[in-house]
Amino acid sequence: MNRLTQLLEAALFAAAHPLPLSELAKLQPDASHEELLEGLRALRDQYERGGHAVDVVEVAEGYQLVTRPEFAEAIAEAQIVRRPRKLSQAALETLAVIAYRQPVSRAEIEEIRGVSVDGVLRSLQERGIIEAVGRGEGLGRPMLYGTTALFFELLGVRSLDELPRLEELSVALRPPSDLGELTGS
Amino acid sequence: MGAGPSASLRPVTTSLARSGDASFVVRLDTFSGPLDLLLHLIREQEIDITDIPISRVAEQFLQAVHALGLNEAAEYLEMAAQLLRIKIQLLLPRPFDDEEWEDPRAELVRRLLEYEQIRELAEWLAEQARQHGDRFARGWIPEPPEQPDRPVTVGLEELLLAVERVIEAMPEPVLHRVVPRPLDVEGATRRIRSRFDERDEWTLGDLVGRSRSIADLLSSLLAVLELARVGFVRIAQRQPFGSVVIRREPTDAAA
Amino acid sequence: MNRLTQLLEAALFAAAHPLPLSELAKLQPDASHEELLEGLRALRDQYERGGHAVDVVEVAEGYQLVTRPEFAEAIAEAQIVRRPRKLSQAALETLAVIAYRQPVSRAEIEEIRGVSVDGVLRSLQERGIIEAVGRGEGLGRPMLYGTTALFFELLGVRSLDELPRLEELSVALRPPSDLGELTGS
């Protein structure tokens, strides 16, 4: 491993959370974008070849070191780590609405889901998966919600672009709503 | 009441309910709202969503709401009301040539489809989270002892707000001058010496007692130290954080 | 790397604290003490041979993975891991008193704030925002504190004189009583 690869490993190792390329670039300011990507590739190769239990993944617009899934069962069983708490159906549906329509108000979410989402919103906010991103127009200037980086981290996706497009869904008839606007373009 | 004819994909939790005529099975707690329940009824009976037999579905919906004990849930009752309203609208005679006529079910269908999409997305999110949940990030980062602390930020405004908080919290200034009270070590020494006439061993707390003022306390402490210095008493602590014991030295030397 | 070594790596990586052998043993209950130690050695060797930036070390509580010191420094320098963070309310208030009353003793700060400031003082000092600037008169010749150049740098002011409302606030922050009078002289 060359020096840059080592630095990348050390940084990813020490940060625990995903680091964007712009941050990693600070490790060696004269390194080009390509060199950084090359270093990350070299690190992955090294883990692969050495048969390591960790891997570099691209998530939440950054890079992160995580354990390989095949070891999850064993270390969870040994009670060394706990698997993340599962999201409830209500939380998942609320997140789906927010992810696709953000920034979105509580009233809009309730309109789509047909239920009150007060408690769910609060708990998602407390867990840092969503956040208030501003206030909307109209009566009472309602709070608008959006997803956070933790949302992507939780899902293991890079960004909104990796979420399924609405056209790809199996629900045949597209509703005459503006649901597609965010992902459509 | 085990497995019903429909094996819902969603987790089974509690009670089953079976309606009289139509054989559908619904499970409490597996529904995340009235749209979910409605969609379940429609999809399970393979009803064409663009041509919902409102009369039948409305009845089933009401039965399910009763069976599930959801009578209290405003959201379900609202949906039930909406279904009945649509049922009535459909029963109204409509002019044969009226092009303006809109199917009263259209809005409901739109909402159902929109909701179904959201549910599909929610499923995708759940699966994604489940898969990624098997990848653990680093759990703990030991603090390298020689590393400097994290850099901090401070703003002027923050600082000024802090000043104001401090001033706010400050007690009223003491306006009278505190009368200086000289330490009285001699008096305290006499007092403490006399207490060893009662017994040979005291804890420091008992010996010093509840002093009336800081000056008294300091006087007593200084007196104890002075008595130890001249060999009248010995100060000991039998265990860490234990009480300090003051014991009179055997008096043979003095005698 | 064999399965046990992989499990050890995954566990040490994901665990929320150092792991003693007794906990590591749960990963593979039929593994002997020696096999576990062998596995840990194999992991170290692998890091060493592969030129990795990480290492396995044993501390009092057990085994843990650490970044090798030579890389830890580079990361600290790049400041990618340690994002600047805000001071706590308690730290800010103490800092405010010091800024406007310097040079000031701990006793005086405590009298003004009405709480013990021992820990806060130490942490502000460690962060290089305040420093001991001398010793005061009176009983025990107490240490006096003042702000550092870093403090002004953080605030974006050149000197004490540029602090807003300096005179007014330094008077307002006068301790409720004068400390010297209590003990008499």
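First chain written, first letter: the chains are A, B and C, and each begins at residue 1.
Criterion: a residue touches a chain if its C-beta (ideal position, glycine included) is under 8 Å from a C-beta of that chain, and two chains touch if they have at least 3 such contacts.
The model shown is predicted, which means the values in this text are computed figures rather than measured ones.
S.K.: When you average C-alpha coordinates per chain, which one falls nearest the overall C-alpha average? Tell me, please.
M.R.: Located nearest the centre of all protein C-alpha atoms is chain B.
S.K.: So, comparing C-alpha centroids, which chain is the farthest one from chain A?
M.R.: C
S.K.: Just how far, in Å, is the C-alpha centre of chain C from the one of chain A?
M.R.: Here chain A and chain C have centroids separated by 30 Å.
S.K.: Starting from the mean Cα coordinates of chain B and chain C, work out the distance between those two points in Å.
M.R.: 27
S.K.: When the centre of a chain is set as the mean of its C-alpha atoms, what distance in Å lies between chain A and chain B?
M.R.: Their C-alpha centroids are separated by 24 Å.
S.K.: Using the touch definition from the top, which residues of chain C touch two or more other chains?
M.R.: Correct list: 10, 13-16, 65, 67, 72, 79.
S.K.: In chain B, which residues are in touch with two or more of the other chains?
M.R.: Correct list: 136-139.
S.K.: Using the touch definition from the top, list the residues of chain A that touch chain C in their complex.
M.R.: 1, 6-7, 9-11, 13-15, 19, 23-24, 26-27, 46, 50-54, 65, 67-68, 71, 74-75, 77-81
S.K.: Quick one: in the complex, what on chain B touches chain C?
M.R.: Residues in contact with chain C: 136-140, 142, 144, 146-156, 158-163, 165-167, 169-174, 177-178, 180-183, 214-215, 218.
S.K.: Taking the complex as given, what residues does chain A use to touch chain B?
M.R.: Listed in rising order, the residues are 13-14, 16-17, 55, 57, 59, 64-69, 72-73, 75, 81, 83-84, 86-87, 89-90, 92-93, 95-97, 99-100, 112-116, 154-157, 163-164, 166, 169-171, 173-177, 179.
S.K.: Over in the complex, which chain B residues touch chain A? Could you list them?
M.R.: Listed in rising order, the residues are 10, 32-36, 49-50, 75, 79, 110-111, 113-126, 128-139, 141.
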